[in-house]
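Alright, structures below, take your time with them.
Next come two complexes, and both contain subunit A; in the first it sits with subunit B, in the second with subunit C.
Then we have the complex of A and B:
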């Protein structure tokens, strides 16, 4: 009978992509992340949920050192991707961010053509030797972002001329183009309509065949739909981290229960 | 942890389906008590009241299912709220079946009016139905109070209902073998006993749903099956 049950929600926790230990983040005097330990599996969608200001975006931004760009921000503890400490002095943040791509809340295409938006990353990281290579990467990335059929006849049109949902998928294509191993998504659907949201969610499910996806979302239903693992953050603490179906049917911590059932916490 | 939802109407919706199911429980208890009373006193009119009353229970069941479906669609409940809605739907189905059994007892009572009773068995049936009625009453209390220990106790208690049924089974069989004129009434009375025994099983089902709503786990069914003993007994006696 097992083969009739829902099986696609499985994730292999033996294959750890990101391992964070004792992570603390301070913005000046504010203690934003308090001693977070978490292991993120490869080829799995992990969702971070929690109320505003709980630290989920801050933690996400630690995973590709986006917090380096904030002067008063200080990160302690260790974060390793494939066993390599990403805060090691020898690690080049620019190279790291090619490996750990990011998609933001608001679609932010470059004020360039659709083609150049996607080609930019592979160009600066030297991933394409010839124009033909680059064309291939652009097409493959746009296809993976489920945008190719809509834009293939107007690759030279400005990226900013696309609809919101298309722009977000363009940003995903841009992130995918540098062949990342991890994709971080900070509320990728909050500015999109339900159809574009569904397209992005479908895309997330496809992307996880190839890499580890970490998504921050305020929509708990979205977390429930797209992820295999869910982490609940509250006041800078990682309160509960478990299989998504467990979190949404039988959470163990009363704070998680209060939050996901919409009670006053 | 605060137990109120930020959206107050969510609480009202959850409250509403629970009170409907509790109301159903009250009606089922009453139907069972009336059916037992009608059987004991050979009261065809009271039996008719029970038969007609089942319609109300069926309507409430439909009402609970419709409201629960609406709640699932509109509120997307999670965690204990989700488990509560699922449990309420199951409990409603259990109670609806109990209503059907009470109705069947009333029908058989009407069919037997005029025929002689098998001595002794009526008081046993009365005792059994009072026992099972108590199970329904207590299991609904356990559900309202989210009392897992009490629910577990009811699951245990069902063994006793099964044992009373087995005793009655043996006694009906004996009576029917002694005098074939007892067969028609004996068959009716046996089905009545079986109906009451089934109501006990549904009380157990409600207890299991209560445990699920509270803990998120369904208890495993590892109790001995006494019905099987009845079957073995049947073969050896023939």
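Then we have the complex of A and C:
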């Protein structure tokens, strides 16, 4: 009786947000993603790990169709968000990307003021009717990115003048400002020092309350620290996908085991 | 440990493979010498360049500065009502019936009186006094009188342009010896000129008319100015700017950001690079065929010149704009697309502003190139056209025949009179002034836009 109730509760909490089936990605003749099935839960942090070049970024970029910008890239299979196929002909990738925010490996704030960086998304999507609305969105987003206290006195200062960690949190604030439902992060801490990394990781844990977060990381410690689910990719295949503690304590596949014990890198 | 036992080892000279740091080894010496040699080459190259530039500037300024001053002779001219305004009603249309021939005797007489009053003795016949003044003197007086009818009835002091020979004497271009074989002026005239100068009635002054005036006939170099052809150049530059900037930038943005990468766009790209290297005279003949013979636009019109120069400038602008767009980091595009901006928004909100300094610099350099271009104008009839009248009205500035600054300079350099040679150099100073101003504007714009991080 007791056991059953627990299972029911977890599955309720973990509604499926994104469901990918039979995804294949080609760059010209390179077969970068091979038949990947994965289900990403809502209000959860899902980590993609794997050796470099295994296709983590490629798969992540499928989820908001950023791969459309690469001419030679071809995606097959189906990816659905809330049951709607995002590769459907009727879907406008611009609308999709407002719903699926993205944070990149290298902090890339616009060369504009901190305020304008955060306000840009809401402006182009018409999320704010008045200046006051916009101010409110900017403040809320910066607060959510744990940056407000550091920048509230210099909102008009250039975003590119912040430190690396602050820039990355600014990029997170920018992504959060368009009120997305999913947040994709491609190695968001790889350009940051340990303290900034810790801040961003803390932030990711916070963001889980509201978004479905997918994070690519090359650091297994990071995956273990921040994620509830982990997917291990190898040479374009999804080798194993399970609860994070399962992957790290009890890997099913020998390749996963070699990787987490440091034998594949 | 064994090292310590070897006799050669001293604290100052440890017997390691590398040797002492206090002694430069042969390899390092060689590298240092190579560096010194390269620096010497560099300094030599720069010195040679600076010397050339200094020589160029010196000769341009030395030869051309004279064109900005001109000799004037002060004459007190009586303006009697009975000859200039017989009706006595100061009506402009009636006064203008008196042609320059009516004014000539007045000037002649005034000059004779002046020479007599200064007690100058001369063998020059009174009828030849007029050779001291520019043939345009009567026109100068007439225009002044027509514009100020109140002067009639008075005796007014006019500063009248001296003839080019007199001016040449002031500028050491003309001497008594050279005048022996000259039909325009005799050596005896110069005695009068000396006297006039000593008494303060003949002097060199700054001559604004060189900058604002129109071209004159071969025999009146003293009154030729570059102003009208400057208007021609200005009209052409406007056409070039208004056409090549939007077309060039739009083409570059499309090619760089939107066009699919295939053999066709590759072909276009190769062709644009090739066009940039096509000799400008080829654009001239294309313009002749396309705009004058086919489209029936008027010959020698600045509009046609502008169109031809647009063709010539477009590749420059496209290449520099594409380079500027390419230099914007792709992460900015990703960032914009990542928050759900459309491709168009990403380009116009983020990429284009960042590329702006490069685009503006390229455009201004293209314009400066076009401003100095002469060869294509040769074929559409702008070289050799005597720009003797200001165009009346805006549309005439584009449509009626005109010259352009470099064409005007070429025209002057071709003329036989050495006074025109000086004007050609003077024109070059003005042209270089424009080019320098444009380059400074480019630098300022670049700075201004780059400040916006």
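Here, the second predicted complex is superposed on the first by the 249 of 265 C-alpha atoms of A that agree within 3 Å, B and C clash if a C-alpha of one lies under 4 Å from a C-alpha of the other, contacts with A are read in each partner's own complex, and residues count from 1 in each chain.
Methods note: a residue touches a chain if its C-beta (ideal position, glycine included) is under 8 Å from a C-beta of that chain, and two chains touch if they have at least 3 such contacts.
Bear in mind the structure is a predicted one, so any value in this text is a computation, not a measurement.
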Three-chain arrangement built on subunit A, subunit B and subunit C clash or fit: fit
If touched residues of subunit A are counted for subunit B and for subunit C, the larger one: C
Which of subunit B and subunit C A:261 touches, first, second, both or neither: first
First (subunit B), second (subunit C), both or neither touched by A:230: neither
Touched partner set for A:64, first subunit B, second subunit C, both or neither: second
Touching partner for A:106 - first (subunit B), second (subunit C), both, neither: second
Touched partner set for A:197, first subunit B, second subunit C, both or neither: neither
Subunit B versus subunit C as contact partner of A:98, first or second or both or neither: second
Which of subunit B and subunit C A:167 touches, first, second, both or neither: neither
Inter-centroid angle subunit B-subunit A-subunit C after superposition on A [Cα, multiple of 10°]: 140
Which superposed partner A:121 touches (first subunit B, second subunit C, both, neither): second
Smallest separation of CA atoms, subunit C relative to subunit B, angstrom: 30
Complex contacts: residues of subunit C adjacent to subunit A: 260-261, 329, 331-342, 345, 349-350, 354, 452-453
In the complex with subunit A, residue positions of subunit B that touch it: 1-7, 10, 76-83, 215-217
Touching residues (chain side subunit A, partner subunit B) in the complex: 220-221, 224, 248-251, 254-258, 260-265
Parts of subunit A lying in touch with subunit C, wherever the complex brings them together: 64, 66, 69, 71, 94-99, 101-104, 106, 108-112, 120-121, 124-125, 158, 160-161, 171, 174-175, 177-178
